[in-house]
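These notes are about the structure you will find just below.
Just so it is clear, A, B, C, D and E label the chains in written order, and each chain counts residues from 1 on its own.
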Amino acid sequence: MHLARVIGRVVATRRITGLATEKLLLVRPLDEHGESAGNTLVACDIANSGLGDLVHICDGRESTLALAETYVPVDATIVGHVEQFEVQEDVGGSAQ
Amino acid sequence: MHLARVIGRVVATRRITGLATEKLLLVRPLDEHGESAGNTLVACDIANSGLGDLVHICDGRESTLALAETYVPVDATIVGHVEQFEVQEDVGGSAQ
Amino acid sequence: MHLARVIGRVVATRRITGLATEKLLLVRPLDEHGESAGNTLVACDIANSGLGDLVHICDGRESTLALAETYVPVDATIVGHVEQFEVQEDVGGSAQ
Amino acid sequence: MHLARVIGRVVATRRITGLATEKLLLVRPLDEHGESAGNTLVACDIANSGLGDLVHICDGRESTLALAETYVPVDATIVGHVEQFEVQEDVGGSAQ
Amino acid sequence: MHLARVIGRVVATRRITGLATEKLLLVRPLDEHGESAGNTLVACDIANSGLGDLVHICDGRESTLALAETYVPVDATIVGHVEQFEVQEDVGGSAQ
């Protein structure tokens, strides 16, 4: 899973069957410093997310497991809201 | 899922069984500014897409869920047409 | 799926059970201009491909769907031959 | 699978059903020299991992196989602790 | 699948159930010239591989298909040994 920020909305009226009513948001993956990390994704939202929310997303096939109907062609879903994350940069001095 | 633009057609007459009749298009993934983001893909189209259309695509195993016959070796499918997308860049001042 | 060019052969005599007889080829993913795009892959071939052929490949779990026996640990398969592809670069003036 | 270092914690109270109680950690993928390699991930932990631990993670759909309940939308899980890893750089003089 | 070279060993004593006894190796993906291509992976080995061996690996969910027990959270497996690979660089003069 990835940390991500909700940065926009997608209006898509003509869709294939099975994906007719999902709410779609633009999310930007973040690294552990809150910086952009990777390409913007279109994610399904069932967690009542809004613009600016810090979330964690799941991508790939398992994304559909978050939806009521799992046979939906979806590969990114917002699975939770992140209140806070802490990073301790100096963990583990050496590689081994 | 990713935003993408339909940029071309693929003519592929000799195919394996199970993928005999799918319409194949070249799509270019886009970021939230409409700029190219990632490698061009060959995607199945069941949404009546045309050249220049702004779409959202699904890649990976779940792509086949969009097709009538799900046991098709396909890993990118156009799942909807995007009329509009809005980005609010200044959401979330700090990372946390 | 990706466009790709067959660029070589792999000779692999000692293999795990279930992957004993598949023909293996080296393929180079291409972008919409026919330029190299991404790392060379080892792909199964059931489409009678030869050196220099322009093909489209499927990667990930769904690759096995192309094979007679789907419980094979394979993640790239040549699923068709591409006779031609056309790109129209000037489609869609603005992002939205 | 990838080598990774546990570098932080994620506090996420509001989550979708099915992912309610998993412990979430920030992990940084490492290369064979212990250097950062790739984007930081949010991983489920069922191996009692702590900050600074060297672990190996599994990403993608198969991550859920590590959990008691496999129908959980999860795509990264810590599957073991690494006590030590050895690299022999000079193996195989030529490519073939 | 990818060409790869076995470059090291991973000692991981504390693991989750289901992954208790697999032999783990560090492998470096290679391109068609035998040069490093992509991040080092931790791969399961059931093909009796040793340091320096040239192998081809399978990553993603289908990796588990190589193992006796397929419900193992594994995403990279050595599926065969490569005796030789040949590349013909000058195949296909033009892109189309």
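Convention: a contact is a pair of C-beta atoms (placed from the backbone, for glycine too) under 8 Å apart; a residue touches a chain by one contact, two chains touch by 3 or more.
Note that the structure is a prediction, hence the values are computed from the model and not measured.
Touch-path distance (fewest steps) from chain C to chain D is 2. Interface chain B/chain C: under half of the residue numbers present appear on both copies, so the contact uses mostly different residues. Computed from the mean C-alpha positions, the centre of chain B lies at a distance of 29 Å from the centre of chain E. Chain A and chain D, compared by their mean Cα positions, are separated by 18 Å. Contact of a single residue of chain B with at least two other chains is seen at positions 60-61, 63-64, 84-85. Chain contact topology: the protein chains form a single closed ring, every chain touching exactly two others. Moving round the ring of chains, first from chain D across to chain E, one meets them in the order D, E, C, B, A.
For chain B in complex with chain C, the residues that touch the partner chain are 5-16, 18-19, 24, 26, 28, 30, 33-35, 39-43, 51-54, 60-61, 63-64, 71-76, 84-85.
Within the complex, the chain E residues that touch chain C are 1-3, 29, 31-32, 37-38, 46-47, 56, 58-66, 70, 77, 79-89, 91-92, 94-96.
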